[in-house]
């Protein structure tokens, strides 16, 4: 039964990923941004687990658990603590207003699908459609990083980009070899910790996390 | 290649030039006097002047350097050499193998350089001024003269004056339009080079206008004599160049002595005419401001270049 | 000494390097450098000259050194052309080195040992340029030459103007070097083989050959100071200490000529005639422009520097004529023009170094460079003055000096031009000849100004009365060069004999056999034209002495000293003499279009009226400043890329990514 | 796994941990230098082994050494060692000037070793995934070093460095995934499909459509770390604001390593595509970088920032050379990599001492170094002369080959290169000359204190001597490597 609906389910989850990506672009409040990120992580976890179960690629369970641990629990928790400690609960103002961003997003999605089309045709996996969506997610997170002026949302964009990449890995090639998954996860974790340190230092220097204070270094 | 007769001819011509030069100057002065209907100084006046100057004692400025004392002889020597190159009677001149038209111009330039340096040596206001003006005239006149000579040597395919003379004198008569331009240019140049009106006035000591006289103000006695002699020698040389280029007829080919003997009266006649013509030109024209001299000479230079172009265009 | 003359040359170059290194042993000691090392360098120079002189007539020898890039070891080769330029280098540098031994008395900003190092590295690198036989070795030697000379120019680096002069020099030299490098790149045509042997073998297409020639023209022209790439020269040459100025003007400019001849006639091998026209026109413009600017200078070393531009211009003109003849396959005439060119290189090397060294002695004696404050030095330093007079006559191209001999040959070459298959050229050549003649005459004017204002007249400053004669070493150096000027002038036939092997290898013809004996030179045949310096000199000298004796014999030799007459003008002083500016004035007005004149005339009611006029180079304002401004604007534009906002930076990589994705599909 | 290789990787890792535990003791700096020296010894041993019995693979072919990476390993280990030597007195002075805390010193030393480790890992691993992980780790280890001074500027620089490189690297990961995607079709799933040696053998069969897209991502990703325009924006900030030793290794080593990764992928991509897609892109980006960097140079006030831009320029030149391809050009590219890292690190050493003496990084305030401290002055002068491509220094050798090849095979590029090199020469030399020569100026003099520790000039002149040697003579076996490596790159 599930065997039969599996592919559709995966496609469903993929579209959820995309939906969440759009949601994050349009989201103004940091708290809910973090929650959306967690949700995206969870979707990723589900889809990875599902693929693992469908294809019997056992190492994917590992990466699924890794995702759960890191993206759904650890990182959101760290982020929550951070913003509580730094008490930055203000709304996120964007450099480009939301509707415009959405429009650009649509264009990006079309582009992503077109780029991914020839590749997905080659994919022997039962998840061929997901590559385009993964690419779209990456690009959307990229767009989000560009449009947000505060440090925390930029970082969240960065992390959700990682989500997109993982999704691509799972969807297109049933996940990278385990070693590498671990390596990547480690990097992401360390990176997050370093970012944490950064937030405090930036904070203690500028008592604000607005990256527009970080525009002193430039050519005259 | 150097024959005994050649040497003899060479020597005669040189001696002739050195001895006749003051006479030519005297003749020109006389013509001028007539044309201005003054009563003229005797024809031999220049010789008397030279003699007088030679006898006088030399008065040197305190800071006159050895260069100052050597210059008159150097100038005289250079101009003698120049005179020796230019064929006047015959064309069999050993020196013609050693020095051609370009060398001739070089020798004249050398003389000019020495006289200018001598003018600057004592360091008086007029001396330096005269030297500068002399060089100003020089750097425009010299290339013009060179171009005139080039035109002739393009016609005769040679820069050796003897060959030029022979080709122009003894080939069948051809009309060279280029030579017409060259002739005009040459006349202007030689007026300027010999310190004649309209560029300079040999008979004035009016400070602001003089060129040649200003340079030699400090000279006296035998030095002055040498310089004056050199000046008249220069006039003689230029006249002879003119004759070689434009009226070479009657000049003796090779070393036949009969021809040379016949050539002498021809030469004297041509020189007399030339001198008279010079006097006439000086009579008819007015002295121009020194600042207009460059234009005058520039025109001469352009005409000379034009002569070459005309030759390239029409005569080949 | 060794197996082949090439070995000897390399050994001597190493000797120079070694001497330089020895200078570093006792950096601080002047005596060590001046009394020991510079004379040693002079001896090496003489040795080099001797070896080169013998090598001219021997077949080319080549050699591969164990240095260089893995697939491209240094190739060295000594043929007639190299040998000739080595002869030039050796003989001139000998004089200059001896002089330098006396010159560097007090240090100027840089320690004497260091100067000694630069000096000899400079000499050695020039020698290596001449023998290099592959592009890499050539470029290494070439740039080492530029670098060492830069350090020599900026010896006195405390002065900002000297620093900026050095900067401009090295900048233009480097850009020129890149052009030369690209020229070699074009010649090796993508086969990674950079040996000249291989380039000789290739037959480049007309397009590539032209590209290579133009690049070479730019590169070597920049080094030679050809208009419009000349602006560094009048800044850098005066800035250097005088022996260095002498080497820069006399020898380094010739390395550029050498390179151009090497590339064009040897490596490319088959020049097109119109290249010659380009070179000819550039040369004439440089010659005329150079001398006109020299005429208005008031700094004696700048004046000489500009006259170097003029001489290089004449050399280029001769070279252009060579190319024209060669392009039309008129071998004999090409040989004539090339002979004139090379001869002029040699002459300019000698008289220009002589004059620069004279200015050096004047500078030492008076600590004064401005013509406006010199004068009357012939009475304080006669030896220098008479040497300078010889140099003056030579550079003015008057008989019987060497300058006249080469200009005579050049003019002869021009005179034979009519009859070219190209109509316009026949029109061009008379004009060109006229320009050459005008240049020669002007150089006479300029040199009278130079010599007259510096050495003649009254002292323009009281302290000039204490000026001292040059030291022994300096006098030796000066005399060597002056003697060479006279000697070369008297035996042009011999020199033409020297040049014969070169013209034979490069143009297939020689005119050496036409030099009848040692007495006469006759480029084509005696009928057309012939010249014998010795005879002219002898006759003139004879006439002068005869005149002198005659006067003594027939009259008397009495003379008396008195105050100068000057039309009886009562109280005159040195300031009434004509100044250098005064000498410049007529030229400024005749050639006004050349200059960018700026006058400041005083107001009629001025208490202290001052008049000043400056004549600047138009090209500086027409080419260099606009280029500088354009670059400035571009950089201002580029900084917009780096405005500090991180989102913008992210956007860059985002857009790049998208663009590439679209491009990739 | 051969012992040399084990030591090569273990020594810096152990060093990192040891120094982290040891903290800022008196001898921490010396220990740091010792570990680096040991690493270099291991590298040397590895080299001799490779010279003896050729390339080899190790640890189930996860690691491999061939002529291309072995010389980079040697170079990296060497420069890491000399930089450690240089930083010993330098960082002490910084500490005593109170710009760094004890904690900072601990961080510095341990991270320095970790950074070396990550770079060596990138170089020696055969697994493209591991390569990516190590590359990201290299960013992470250096980002805190850039922020070491905790000043406003250094924080900002570090933040930009982190975000821009992080994002870039993320793109590279996507590219890697795509490569894996293309590879597993032929090699089947599992780590085998990520081994470069494997891919190299089957590159002909890889799917062109995928590989081209993949290379785009990889170019944007690793290109960001190489500092290719317009992805370069982090580079000048990071170089100018970090401690000088860090600038030296960033410029001298990290850029090389990133470019190395790019080259590996370029080889495969060009093998997969019939058209020279990767080469073309690399040529384009290389030229763009050269031109833009040259224009930036002339507007700099801060000396380290200026030399950072010059690094961009030279990286562009190298990238262009590899794009041009062919035995000569690739050879030149490799040679230029070596020369640039040696010269540029030497320059940064000299600059470090100069700035400490003058107490400022603003060039206008540094005057007359040749008087203040002749050795430093000459070091800076010679380094500048070398980096500007004047012979007889080795940089000239490589530039010579690149330019001559360029005009013969891509004539359109020649004028751009000519103009750019001219402009950059004018800019750099025009700024350095007054700093070194002439009279010392007051603002410069004010700070001239006898530095508490003698500057370590050995590294400067050692590097310059090597560069000089390469310009005049190259040992045959070195030449051998370069040739083989060049053939490898094609």
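Chains: A, B, C and D, in written order; residue numbering restarts at 1 for each.
In this section, a residue touches a chain if its C-beta (ideal position, glycine included) is under 8 Å from a C-beta of that chain, and two chains touch if they have at least 3 such contacts.
Bear in mind the structure is a predicted one, so any value in this text is a computation, not a measurement.
Ranked by C-beta contact pairs, the top pair of chains is B-C.
Averaging Cα coordinates per chain places chain B and chain C 35 Å apart.
Measuring from the averaged C-alpha position of chain A to that of chain C gives a distance of 70 Å. In whole angstrom, the spacing between the mean C-alpha positions of chain A and chain B is 101. Chain C and chain D have centres, each the mean of its CA atoms, that are 44 Å apart.
Multi-chain contact residues of chain D, defined as those touching 2 or more other chains: 159-160, 163, 167, 171, 213, 236, 296, 299. In chain C, the residues touching two or more other chains are 638-639, 641-642, 646, 650, 657, 661, 665. Residue positions of chain A touching 2 or more other chains, listed in rising order: 115, 118, 142, 145, 154, 211, 214-217, 219-220. By the definition given earlier, chain contacts exist for A-C, A-D, B-C, C-D. Taken in their complex, chain A has these residues touching chain C: 95, 111, 114-115, 118, 139, 142-143, 145-149, 154, 211-212, 214-220. Per the touch definition, chain C reaches chain B in the complex via residues 375-376, 378-379, 382, 389, 393, 396-399, 404, 408, 411-412, 415, 418-419, 426-427, 430-431, 433-434, 437-438, 440-442, 444-445, 447-449, 451-453, 456-458, 520, 526-532, 535-536, 539-541, 543-544, 547-548, 551, 554-556, 558-567, 569, 572, 574, 576-578, 582-583, 586, 589-590. Against chain D, the residues of chain A that register as touching in their complex are 115, 118-119, 122-124, 135, 138, 142, 145, 151, 154, 158, 161-162, 165, 168-169, 172-174, 176-177, 179-180, 183-184, 186-187, 190-191, 194-195, 197-198, 201-202, 205-206, 211, 214-217, 219-220.
Within the complex formed with chain D, the chain C residues making contact are 66-71, 135-136, 139-140, 143-144, 146-147, 154, 157-158, 160, 163, 166-167, 170-171, 174-175, 178-179, 181-182, 184-186, 188-190, 192, 194, 211, 631-632, 634-636, 638-639, 641-642, 646, 649-650, 652-653, 656-657, 660-661, 663-665. The residues of chain D lying in touch with chain A in their complex are 127, 129-130, 132-133, 136-137, 140, 143-144, 147, 150, 152-153, 155-160, 162-163, 166-167, 170-171, 173-174, 177-178, 180-181, 184-185, 189-191, 194, 207, 209-210, 213, 236-237, 240-241, 296, 299, 301.
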